[in-house]
Every structure is written in structure tokens, then in C-alpha cells.
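Each structure below appears as C-alpha cells.
What follows is a pair of complexes built around chain A, which joins chain B in one and chain C in the other.
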Partner chain A sequence: MVPWRFLLRRLVMLCGSVVVASFLVFAAVDVAPGTPLAVLSGGRSISPASLRILEARYHLNEPFFTQYWYWVNNALHGDLGISITLRENVSTLIAQRIWTTAGLVLYASILVVVIGVAIGLIAGLRRGALDTGMVVVTAGAAALPSFVAAIVLIFVFAVRLRWFPALGNGVGLLSNVWHFTLPAIALAVSSMAIVSRVTRAAVREEMGREHVQTAVSRGIPTGQLIRRHVLRNAAIPITTVSGITVASLIAVAAVVEVAFGLNGLGALMVQSAESKDLAVVQGIALLLVLAFVIVNTLVDLLYAMLDPRVSVGAKA
Partner chain B sequence: MSTVASSPAAATAKHSRGLALLRATGPVGIACAVIIAVAAFVAIFGSWLVPYDPYVSNLSLVWVGPLGGHVLGFDGQGRDVASRLIAGAGNSMLGPMAVVVFSMTIGSALALIAAWRGGGVVDSAISSGLDILFAFPGILLAVLAAAVLGPSLLAASIAIAIAYTPYVARVLRGAALKERRQLYVAALEVQGASATSICFRHLIPNMLPLIIAQATINFGYAVVDLAAISYLGLGVQPPHADWGVMISENQSGILQGYPLPALAAGACIVLVVVAFNLLGERLFEVTKQQSR
Partner chain C sequence: MTRRVWVSLSLAALLVVAMAVAGCGASAPTNSTTTSATSTLVTTTAAGTKPVPSVTWALYRDVNTLDPDFAFDDPENTAVTLMCESLLRQAPDGSVGPGLATLAIPTPTTYVFTLRPGVKFWDGNPVTPADVVFSITRQMDPKVGGFYQAMFTRVQLVQATGANQVTITLKQPDYWLEGELSSIPGIVLERSFVEKEGKNYGAPGGSIMGTGAFMLKSWNTANGVVAIPNPHYWDASVKTPLVQQIVLRGFAGTASLSSGLLTGSIQGSYPTDLATLLQLQQSGAVKVYQGRCGSTDALVICSFKGALGDVRVRQALSLALDRQAVIDSVYHGAAQLPRWLANPGTFGYGQSVFSAAYDSSPAMKQDVAKAKQLIQQAGAAGTTITIGMSSGMPRSVGDAAAYQAAGEAIGLNVKFRAVSPANFINFFIDPKFREGVDAFPTTNYGDYADPAALLKTVVLPDGSQNFSGFSDPKTTSLLDQARSTADPDQRASLVAKAEEAVAQQLPWIPTVQPNIVLVLGKGLTGAVPTFSYMFAPWANQLGGR
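Our next item is the complex of A and B:
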């Protein structure tokens, strides 16, 4: 059942977020110290002809809101400007790299959801040494920053054991998966730990509930019990935390891409920020914010479908 | 400030209340607090504690392992790793401190204003404004800030603080709203107490354990985020010592088989972050139990 009113409200919020975010990304040029022309050229001395092109492109002699309108309008048509250092269309640069980032985030998301939930489920259903061990390990792993995880993984699995390559994208699908395994683990590890902890707590809580105990005493088979009675109810907190952590991967991917020398969007954005190539930073930031907001909206929607109370607007 | 200082009895009462809160977090909480206290001490007095100059490089000692008084050996430029870790504690914790102070102050203020006018236009304006700010992940904002303002710890800290503010405000708004509905607030209003005085003398003191818990957790997150930004080269600039910078400086050592400098810096980050996370979680549990 799709809660249409809730969906509509979330869509309006999504548009609001995107409009404000795009405005902030655009306004960055005016916040920067120095004239807009100096900012857009990254403080380089460029020829008067190029300056005039920049001036015309960004409509710098027109009012601020008109400039914003032109910029958004161009962005909607896939024109995000030209990189001042790479001398290439920003949208071309993005198109070359988007699959690296998307692949990395997708790979990591699958790890987070599948392995995170599986570990939490096992620990939640069984008490004893396995459970205790899992609680201790995930407490540490949850606090492991992606770039620290990256150097540990590179040291253990690439340098010492030589199981995986340390750097680069690889060529071809199989090689891609091979090259992306360590980065995806580095990106996923803390989210995986958080998801498994929440899953464990939710499963524990449901197992103690009366309806589950009743089902146990009625002799319902374990598999069916877990699917129908435990997971169905535990799905709400699990979905929420998985959604939040998966959305956060989009931004953190930049760090992992730099650590493993992958040529993704995040790495390009960081490199462009260093060289003050503002058009590229703006274009990628806009795209990543858009992805982040869309994922968050999808999660909210899923959450509303799992828990009808949310879309009715009932307060807990 | 002076009014607080002039009443030693009140100061002791506050002191013991803080201690009681800490004691309630149990042995794990106290152990974490000790780690944090040591880290803070090193961060403040680091420049007096370093055994060697953290900026003097000796190219004949590049990637040399532990040797004599140099317990962690030398980095890729022949600098003493232990000294750089100690000197880096300051930068690695100064930024998070600024982030926490800024985001907690603005976040609490927004939460109190929204809760005081609960349900009204001001509340919904603040709440929807915060919902929109949720659209900006901290790291993304920091990269944008670095592109615009130039890479620096200050720019990164401002960006991260802005990204944290909506999270702070959302949690504290709920707590403030609950407190606002208490009968004693209505009684004070009837007696003619002003909104600011009720907020400062009653609401904030009553919410203080929650505020402290949230500040502690956020400090841990800020350590990670700022170290990540410095690792990317957009925060603290080399040769300045910082744990994130040290990982990026020494990553090439890992590939060459000299992992100690980078791993040591990573271990420092993880240790401090685990301490802040665990203590923050324990504090949250304690405040939850107390509010029951």
C-alpha cells in the first residue's frame, strides 16, 4: 500500500531541500573572498578573452537571482559549466566517473544491509560467546573511520597477504569487483557494525514480546517464526538505521576513493577543491546532495510503508 | 561568570553533580573519561611534552623503525613519530572542540526557541529549516568550504559545525518541548518570570545531562570527520602535525612495508573516538533512566 499523501508531502520537502541546497552551492561563489571573476578563475591570471567568456557564462553583470536562475536552468539541461583546470565540460567529467562512485556505494550498501543484518540476526537469536564477541567487535568497528579501515585493509590484504590490489579501478567487470572489494569494505565497515547492533537489539526486543512467545508455544517452525513475527516487526528500526547509514556512504565515498586511488566523483571533487576549480566542485556537490536527498526520501517512504502510523502522522 | 564563582557552595554542588553523573556511567564510562582526560592533557600541553622536535626531519632516518628513545620510529621524512603524534593531538582535538561548542550553542538556542513557541509559526519555520539543512552531509559541506575559503582547519570546522547543528537541534527540541510542558514552567510564567530567565535558570540546567551526552557523542564524530578532511588535504595543512595529516603523509609507507607511522596515527584516532562514543552512549542511557 502506498501512502499517497505522505509521498506528496515528502516530494514537496525533497524539492525544497534541492532548491535550497542548489542555492547554497551557487551562493558559495559570492561568499568567497574576492570578486566572483577571481573566484571562478581560481585566482589564476587568465586572458581578457577568457575573462569575458566567464563573465558571459555566469551573467556576472546581472542581478544575483538572475544569475542563479541561469545557472539552475543550465544545470537542469545538463550543462554544469567548464572545468578551469581540466578544460573539459563538468558534465563530461561527471559522466566519466559516476559509475565508479555509484558502483562503490552500491557494493558497500549491499554489504551493509546483507552482512550487517545477518550478523545482527545471528547474534540476536543466539546468546552466549558468539553474541558477546559480536557485541565487542562491532563496538570497535562502529568507531572505525573509513580511512583508518582503508589503511589497515591495504596493509593486511594488499601488502601482506596480496589477496587484493591496493590501488586503482581495474578494467572489466570482474576486475572491477576485485578492485572495489577492499574499498567497499572500508566504506561499509562502520555502518555494517551499526546496522548489526541495531538489528541485534531489535531482534532481542521482539523475541521477548508476548506474541512471539505465544507463537513459540504454539509450535510455529523457527524459520516462519523469525520471518513472520520477529523480522516483520524488527524491520522498522532496521530499515531506518540502514537507510541513514547508506545515505551517509554517498559523502564518505570521497574519502575511500582518495585512499584507494579510485577515480570517482568524490576524488575529483577533492582534487578540484584543492585547485580551486569551483565549477567542478559545485557540479559534483549538487549531484551528491541530490542523491543524498533522494535516498533519504526513499527510506522515509519505505519506513512509512512498513509502519502505517508514520504516514497518518500519529505521534508516538 | 562572576556570580557562579562567588558562590563556592553552588560550585561544589555542581561539581559533585557532574561527578555523580560520571559515576553513574559505570566502570566503562569512567575508563573512557580517563582516556579523554589524558588525551585532553596531551592536546593542551603537547608542545611541552614532546621528547623530540616533531618538525625536524633527518633524511638518513627515513622509515627507520623503533630505535633508542624513538619508541615509534621515524616517518617518511625522518621525523620522530611519537613526537608528531603528541604534537598532533592539539590540532586533532582543537577543531572538534570548536565544532562542539558552536553546534551545541546554536543548536540549543534553536531548540529552545522552537520549543518555547511549540507548534507555532516560529517552531515550524525552524523545524523545516533544519529539515532542509539535513540535506548537507558534513564532509560535502567541508569540501565546498575548502574550495571557496581555501583549505584550513577553520573552514573545515565551520562547515562541520553547520552540518551538525540540525542534528543537535532536533534532539534537544524534543527534550525542551517535554520540559516546556511541565507544570513548574507554567507556574513560573504565572509568577511573571521572563522566557529567557526560565530558559537559562530552569530549562537548560534540567536538560544539561542530555546536552553533555550529546556533546560527548558529537565530539567523537567531529574527531572522525575533521581527521578525514585533514587526510584529504583540505583541513590542517602539512607540515603541521595532525593525526589525519599523518595518515595521508605516511600512507606510502604502508605500500613500502613500513606501516607503523600511519597505523599509530590511526590507532590514536580510534582510541579517542571509541572513548567519546562509549562515554556518550553511557551518558545517554543514564539520562534516559533518570528521566523515567
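Our next item is the complex of A and C:
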């Protein structure tokens, strides 16, 4: 059964988020200091005549709400506007870079979900040194911000050991994977640690439950026990925390892209925010909001699949 | 329990090692001596001899436009000069010679350009006088809004006067125009192509048409500007480039740039932030060259209303400044003590005249005692000056701190007005923004190798960077005479006199004279190691060693 009402409500929420976000981003960029003209001139002085021509060309001298209205009107017609500094359509700029960001976030998400859950599972099932070590390591890793991880990874694995490249995207799938490995690890490391800790705790809790103990005493094979009795029930908290952390990767990707010289959306947004290139910031921010809401919706749908007691859209 | 302790300890040890290792990378050893800059300045690097499939060249940010009318900063200039050529050509030593055309000046107000035989664009079309007229007129057109309009104020008429001849008629003699036309403002565009592209000319969505030995293959803002050799280059005396592809891309941050260079992801750059210079110099993975530069690091005195309106206070501040500390800590050795506002790297003509005059001027050395005397004479002790700076711009931080130390050593109070990097431009363009600010640091340059190119913007009453209203009739008249003087040596001697006067008057206080830093991957050689890369082709001889 398709949960139409739930999807409809989510769609309304999505539209609301987009409208609010677009206004906030527009206002924030407008209030932020600086002028896009600084980038055009590289910080040298330009003649007043040139300045006036450029201001008129990009509507920079018009009031805030007029500028916002231009943008909304165009966006409703599917035109996200033109980058001031690059004189290129924002949609083209996004199209050129979306796969870098999508690939990076996907790679990091796979690391978070697969490795994070695996570590948590092992630690949860086996007590002892391995478990203790994982608790300690993940405690440190969970507190490691991506930009620090990036610096350490580049220095150790790119500059010193030369196992991975320090910068760039690479050409072709294999080369892409090779180039994206360090960035994906840098992006994933703290989320991976959090997911593994939650998994460990959830597995521990399920292992102590009566029905699991009963199953053990009845001699059900370990593999089946873990799959059907432990993981199935531990899946709800694991899915929740994975969903939240994966969604957060979308936002943090910008930091990693800049550190590794990847030409993704985040790096472009940072660059555009610095040069006050409003249309670009706006376009990318809205895309990220969209991705965030969609990921969260998917997680909600997963709940219902995992636990029949949860009906989609019920007020929890 | 013991195990748990062991695990924690080993983890702690691991973290310490990782941090120590990372720390070593970040801070380069400080015991190395800063090599004397002057002795190692180069004007060429050995030409490449072997083909190279692809070179990634790093810029401090991505290129924003390939339209020369709007190329004004390092990334755009680097990309444009790689592929496009001007009417005249600036050599690596700054001297001006024939480019796409040769120049004759039959009367002081007539410039006659004769196109060299066989000059043609990448598409095979010949360069015509109509293209030249179009290009110059476009630079001058206020509707286009190009950044170089002010350079053409003495031009009356540009017209084709023959099958391969263009004549510029001037309202008054203007020997500075020659320099401008050897630089970005002199780049020749193909009229039909520009008109076809319209607004898209030089934008990522459009294309460009040039004449250079490299031609544009693609420009995608995500993957950078890609240039490849032009198989039909017009100048048969120039060998086809050995580098099969140059990719120009922006890399944010010094850390990315240096790790890219050290690991070979980036093979070349003219870095502007020198924080990792020593690390690069000591690495076997790259070779670092230092060459003649045309830019000056200076303190712009933007208002004479405060204490700095008194020339004695300006002189005192200059005398109290520890320039060697700036050279060591901000430039890591890649700069020199100034004698004039002009960097000696700008001596593109009359070189012997300039050099003799320059060498006889005193180097600006620290003399705190004398500075204190001047402050006393001026009665300025205890007054406050405000310096505009941005904590997001490392060079501005270093310079501002040096001036603060200097001011406080002689009894001035020095305050900072800190702004964001994005706002720093407003010190240059918005008088309201400058209100209450006495001075701000800059790295500044003219468009060609002539000390007057920067000086005219600073000291002439209508100079584009004369913010304080500085006016010295003697300097103005020297520069006016120079602009109208045909003989290079005589012109040089007039400009030198102006520089000497300005070094006393200090409308701007020269901080240091930077060197150009060129970093090449160890397998590469042949890039131009001087400031002329900003104005003329720089990679024609780049190749493997």
C-alpha cells in the first residue's frame, strides 16, 4: 500500500522548507559583507564608470525585495539564474559538479553504513580486548572533525606514503574511486564511529533480551540468530542514526571538497559565498535542502518496512 | 584491566605520533638560512627538451573570465596570456619588442602598427587591421565596461590605414601606451568571432579566439581551463609546445597547493601565498625559482587628515619599520628591501639609467632613533593612526602587525580596522568605507614593466589610486614629461627622479619588494620565472627536462 497521505504531507513540508530556506539564504548573502565586484577586479581598484556598468548589469543596485522577486520569478520558470562572476547558468554549473558531490557522499555513506555497522556488530557480539579497543578508537574518531581528518590523511597517505593522490577527481571510474577514497574516509570517519557505537549498544541490548536468550538455549544457529532476532530488532536505532549521519554528510561535504581540491557543489558554494555570487549559493543551498529532506523521508519509509507496528506518518 | 590500559596508552601514543608527524609537515624547519634574494633572481629557466602529456597548473582560485577586457588579476591574466597575444610583446626581462605587429612612431602623436607577415588566429583566419581596430576600440568602449579604459585617455582615433597597417592618432604624445599595448590591453581579438559569441565571449558557456602557441580546448568551471598546442602557430621561429595539454585550475589554500605540488598532482604554479615556501624549497619533488617581480608591497596612506598627513610622520613610520622581519616572516626570504616605490623588476627600458639611479638611492633600512626625532619635531607623539586590514589575508596581517610595531616603537598609537577578505576591496573603491582609516596594506602593480605604471596611479592628482589627494607639482611635471618623452633613457631618468622624490614624500610607504616565485615539478622546465607571465606568453618553452 502506498502511503499517499504521508507522501503528500512530506511534499508540502518540502515546499515549505524550500521557500523558507531560499529566503533565509538570500537574506544572509545580502547582509554578508563584500561585493561580487571584488572578485571581478581581483581586489585592484576599478574606475567608477566600470563599477556602475557592472552594478547595473547584475541588478546590484536594486533593493533587496526586488532582487529576491527577480530570483523567485525566474526560479518558478525553471531558471536558477546566472553566476555573476562566471556568466554561466547556475543549472549548468550544478550539473557539472553534482556527480562529484553525489559520488563522494555515496562513497562515504557506504563506508558509514557498511563499516560502521560491521564494527559495531563485532564489538557488540564479542566482549574483550577487541571490544574495548573499538570503544576507545571510536570515542576518539567520533570527535574527529572532517577537516582535521583530511589534513592527517593527506599528510600520511598522500604526501608520505604516496598510496593515494592528495588532490583532484581523477578520470574514469577506477581512478575516481582511487581519488575519492581519502576524501570519503575523511568525510565518513566521525559518522562511522557514531554509527558503530550505536550499533554496538543496540546489539548488546538485544543480546540480553529474553527471546534471544531463549533462542540461544534452543540451539538456533548463530547466523540465523543474529539476522532474525538481533539485527532485525536492533535495526531501528541503527537506521535512525545512519539516516541522520548520512544526511549530515551532505552538509559537511563542502569542507572535504575544499581540502582535497574536488570540484563538487560544496566547494563551489563556499567559493560563491565568498564572492557573494548569490544565484549560485541559492541554487546549491536549495539542492542540499532538497537532498536532506528526501533522505529523511526515505528513512521514515524504511521504519515502516522494518517494524510493522510503526505506521508511516503516525505521530511518534 | 591491564589490557584496557594498554589499549588506551597505545592509542594515545598513536595520536601523539600522528600529531607530531602532522606538525612537522605544517611548520617547515626554521634553522635553514633565508637565502639572499638578489643573488638568486633569474629571468629564464632552461627550455624544455622532452614532450610532456599533461601539466596541471595551480592558480590561487578558479578563472572567472577569459575576456581580456576583464582580466585584471592573477588567475585570469595567467590563463589569457597563455593563449592570447598582444600587438607588442613583453620579454621576460620586461623589455618591449614586436608582438603581432611592429611599431613605428613617425610623429610623437602617431603610432603606426604593421602586422607581421602570416599572423593568424587558431581558426586559420589572418589577423586583419579591422580586428586590431575592433579590439582596441572595444577596450576603450565605456558600454563594454572593460577595466582598462583609463589607459586609452590620450587616444583620439584608431583606424586601419593599409592592408596590414593600423594607425593610432593621439591627442598628446603618450609613450606609456606602448607598454599598455604590450600587455593585456593590447591583446587582439577576432572581430567576427567576438560578435558571434556576443555576451558569451570569454565566459564558460562561450569560447575565445586567440593567436597564441596554445589554444583553448575546453573550459568547464568544474574541470578548469584546458589548453593544447596550436598546430598552426603563425610564428615559425617558435617550436610547437612540448606540453600536450595544460590544465589551469584553482586550488584553495596553501596547504592544498603544497601537498598537490609535493605529490605531483600539481606540476606548476606561481604561488601568491608563501607560507609553505621553505617546505617546497627543501623538497626534492619540486624546483623553486625566484625571479624579477613587478609588484610592490606597500602601505597605502589613504588619508592625510590624521597624523600621516605630515610627511615627517610618514618618514618616521617608514624608518621605524622592521622590513627584514617582514621579508623573513611574511615572504620567507622571497622579497627585498625597497629603495623606491617601484620594484626594480619593473625596469623594462632605460635599464642602465634606472639601475644607476636606483643603486644610488638609499635602501630603506630601520633607524628608530632618527624616526623618534622626526616624531618629536612633528609633535606627533601619542597620536593615533588606524590601519585597515583583514585577518583573513595572511599578508595583510603580517604587514599590519609590522607597522603596528613600528608605530608603537616611536610613540604612535596604532589601531586596526579589521574587515573580511571580501570587504577589503572597499578600501580601494568606497570613500565612505575608508573614512576613519589612515592607511591599509596592499600588493600592487602596473600593467607593464615601467616604474611609472604604478607610480602614475598613486601620485598624479587624477591617479586611480591616489586616495589621499597627494599632489606634488614637481613629481606631476616629471611624470608628464616622461609620458611625452620618446627617448627611453631620457624617459627613464625623468621617472627615476620622480621615484626619488616619491621615496622622500612617501604618499605610499614601500614595505618590501617581492620576488616572483615559480614552482615547477622536478621533471619540468621552461616556464617564464618573471612577472611578465602576467602580460605575455609564459609556457611556450615549457617541457620535460
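The rule we apply is simple: the second predicted complex is superposed on the first by the 235 of 316 C-alpha atoms of A that agree within 3 Å, B and C clash if a C-alpha of one lies under 4 Å from a C-alpha of the other, contacts with A are read in each partner's own complex, and residues count from 1 in each chain.
By definition in this document, contacts are C-beta pairs under 8 Å (C-beta built on N, C-alpha and C of every residue); 3 or more make two chains touch, one makes a residue touch a chain.
Predicted model only: the values in this text are computed from it and were never measured.
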{"item": "Chain B versus chain C as contact partner of A:A129, first or second or both or neither", "value": "second"}
{"item": "Which of chain B and chain C A:S175 touches, first, second, both or neither", "value": "neither"}
{"item": "Touching partner for A:T100 - first (chain B), second (chain C), both, neither", "value": "second"}
{"item": "Which of chain B and chain C A:N73 touches, first, second, both or neither", "value": "neither"}
{"item": "Partner chain(s) touched by A:T214 [first = chain B, second = chain C, both, neither]", "value": "neither"}
{"item": "Chain B versus chain C as contact partner of A:V289, first or second or both or neither", "value": "first"}
{"item": "Touching partner for A:A143 - first (chain B), second (chain C), both, neither", "value": "first"}
{"item": "Partner chain(s) touched by A:A254 [first = chain B, second = chain C, both, neither]", "value": "first"}
{"item": "Touched partner set for A:F155, first chain B, second chain C, both or neither", "value": "both"}
{"item": "Chain B/chain C common contact set on chain A", "value": "32-33, 39, 140, 151-152, 154-155, 158-159, 166, 258-259, 270, 274, 276"}
{"item": "Partner chain A, residues of chain B touching it in the complex", "value": "128, 131-132, 134-140, 143-144, 146-151, 220, 224, 227-228, 231-234, 244, 247, 251, 254-255, 257, 259, 262-263, 266, 269-270, 273-274, 277-278"}
{"item": "Chain A - residues contacting chain B, complex", "value": "13, 16-18, 20-21, 24-25, 28-29, 31-33, 39, 139-140, 142-148, 151-152, 154-155, 158-159, 166, 248, 250-252, 254-255, 258-259, 269-270, 272-274, 276-278, 281-282, 285, 288-289, 292-293, 296"}
{"item": "Complex contacts: residues of chain C adjacent to chain A", "value": "3-4, 7-8, 11, 15, 18, 21-22, 25, 56, 61-62, 64-65, 70, 72-76, 142-143, 145-147, 149-150, 199-200, 203-205, 220-223, 249-253, 255-256, 259-260, 262-263, 265-266, 419-426, 428-429, 444, 457, 464-465"}
{"item": "Of chain A, residues touching chain C in the complex", "value": "32-35, 37-51, 53-54, 57, 85-89, 92-93, 96-97, 100, 129, 132-133, 136-137, 140, 151-152, 154-156, 158-160, 162, 165-169, 258-261, 263, 267-268, 270-271, 274-276"}
